[in-house]
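Two complexes, one shared chain (chain A), two partners (chain B, chain C).
After this line comes the complex of A and B, so read on.
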């Protein structure tokens, strides 16, 4: 199996929105044949150290950070709309990142 | 007739006797099935809710048992009457979802949303099913205070209507805060934004009297970065354990005194972390039902574009929210100690996520205003938390938490403090009548008028946004 790709999703309390994103992305990427693991955290706890452990950062919308992340940042908010067609572009973007990492 | 009642009792009595987790396992599974959720998914949700209720009851018991004696000593030693333990939002959400009435209020509010969409009174389709617990909490509390179900339903519908209108009013501000195009559908009907009207009053005062304060606004992201782990949940739990031990007159000349302090601190840190973990199970438990309802609603309105009502954190990327929470936490601790009528000991709710988002929306990120207005409105939250404590403790007992006798639990920063006072007044107006009827009517009228004034201000703001856009084009 391909190398596991580690993502991190963040929201207010790290329990609701970020978990919805995590569950949806993990399920969809599995369907598309990628080995993806996504963690869910509080936005408040996201810092440079934390992001170093991941391959990409999934936010809901624009996110202020005191540093410039070295990993790709994906706006995954449309997953929360619960309308599959609107979530597709997010999945495609995540898949692109997966493919790039798997090719390395 | 007797036969029917006898039959119903024979079927439901054993189920009710099984306790809240079992009842909710059955009820949630059946309701999800009604919305055409697959059986295995529906059952998965029901089971997760049952284990979340069981787990949260046990952790609440663990926390209250650990704090029972030190808090009693704290009160005796300092003379400060803070004897209600703050659990934060997760336990309150879980136990509110432990009542079948919450699903009833959910259905009522879905019907309201659909009706408002059909009549073109709103453009928001609310898919944030989980947060219905805020409204259900107000309904249940008004029933606890004596209101019959129909009256509590009217109250919930009244607040629910304003919440949906508010989500439309705030939409352009969200686009501004997120730097998003008009096509972005994100909005929210979250209860915490029902503080907007009151915050708006303060914000207008600022415009008139203290506009110069805005030049002291600082870089929130940098502040949060510096605070780092010191502001994390478990660290706050540990501080509170130390704080209570110090003021409870613990004898630090003995080894036992030190050991008690550390044990209490780590227990507090553990429980606060566990509350979030369990919170995530319980949100996952409602997920199949949320999917079912959303799929149902989007199918009914095919071809129409909506704004979509989400949980509040789509704006959690704005660092001002967290800077305000970080600065307001110690302020709340101080206020809690000196505020007359407050009995809450801040702990689980000390990171005020039920306060900060509304401050951001009204002030549009002016951090000094957010902090000052936040500090001014905190007493309302503390009083509301104190007011609902007997009710919360009662519900916790109902779902099976063995909280020690004479110990009360509540939440310091629960969204919708004003709505809790409305629930209290409406409930008492029915049960005690007399002047309560007058107070309830006056409060409801003031609440509505203030909201209407706020709506006017927001419409002005939205017209400015529209004009600015036109000038740009």
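After this line comes the complex of A and C, so read on.
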């Protein structure tokens, strides 16, 4: 299997939204055959150092960061609705990142 | 707390109808009662208000149904609460909350599902369960819920209709 892809999801409290996105993305990427691990953190803990450990950053909202991340940023908020048609474009974007890394 | 009736994620003494007219006032009103009943800690209030201002929790329900009023899911970190539950709060007058996904947009919100969660890893995700509840309950039933006249009726509705894991 290709190397594990490390994602990080962030939300205000690091409790509910980020965990929901973590669970959903891990499950869907596994289903699509990718080896993905996603951590859930609080937005206030997101900085350049933290993001250095990850392949992509999943956000809930268009939150302004004080810096420009070097890794891909995916707006994952639509996943929260649990409506497949809304979640699919987000999953596709994450999968595109997975495939790119796996091809390296 | 000893006299509360509980079912799943709900307790009959943690359901509210508020006639406040702004989000800080309604959160403060509910906080005081949750504190008295031992569900949250004293520093809960400053943290939940700070979160709501920085990272709002309003949910635009129009993707679920155009006929459904908007909701919000105010919450804060697990260290400031003593339990894992959902606190339903009906708003007599719709109150403005900012949209979780597009924070610069305001929403008129009619009902709150305040999440108290001191165990985010442990069990099925509470927010996912709330969204599944909104997606799977017919709109006319939700509209009825959002306009019930007593907290006891709201408790009974949630205990009956909310799918528990």
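Note that in this section the second predicted complex is superposed on the first by the 104 of 104 C-alpha atoms of A that agree within 3 Å, B and C clash if a C-alpha of one lies under 4 Å from a C-alpha of the other, contacts with A are read in each partner's own complex, and residues count from 1 in each chain.
In this section, a residue touches a chain if its C-beta (ideal position, glycine included) is under 8 Å from a C-beta of that chain, and two chains touch if they have at least 3 such contacts.
In this text the structure is predicted, and so the values were computed from the model without any measurement.
Visitor: Superposed on chain A, are chain B and chain C clashing or fitting side by side?
Guide: Here chain B and chain C cannot both sit on chain A without a clash.
Visitor: Taking the superposition as given, does A:81 touch the first partner, chain B, the second, chain C, both, or neither?
Guide: Touch partners of A:81: chain B and chain C.
Visitor: Looking at the overlay, what does A:40 touch: chain B (first), chain C (second), both, or neither?
Guide: Touch status of A:40: both partners.
Visitor: Which of the two partners, first being chain B and second being chain C, lies in contact with A:60: first, second, both, or neither?
Guide: both
Visitor: So, does A:16 touch the first partner chain B, the second partner chain C, both, or neither?
Guide: both
Visitor: Looking at the overlay, which bit of chain B runs into chain C, 4-12, 130-138 or 202-210?
Guide: Of the stretches 4-12, 130-138 or 202-210 of chain B, only 130-138 runs into chain C after superposition.
Visitor: Residue overlap on chain A between the chain B contact set and the chain C contact set?
Guide: 11-17, 19-20, 23, 40, 43, 60-63, 77, 80-83
Visitor: Would you pull the chain B residues touching chain A in the complex into a rising list?
Guide: Touch list, chain B to chain A: 89-90, 127, 130, 178-180, 184-186, 219-222, 224-225, 228, 231-232, 276, 279-280, 283-284, 287, 290-291, 294-295, 298, 308, 310-319, 322, 325, 351, 353.
Visitor: In the complex formed with chain C, which residues of chain A make contact?
Guide: Against chain C, chain A makes touches at 11-17, 19-20, 23-24, 40, 42-43, 60-63, 75, 77-78, 80-83, 86.
Visitor: Name, in rising order, each residue of chain C that touches chain A in their complex.
Guide: 51, 54-55, 57, 59, 63-64, 73, 75-78, 99-103, 115, 117, 120-121, 125-128, 131-132, 135
Visitor: Which positions of chain A touch chain B when the two form their complex?
Guide: So the residues of chain A in touch with chain B come to 10-20, 23, 40, 43-45, 47, 59-67, 77, 80-83.
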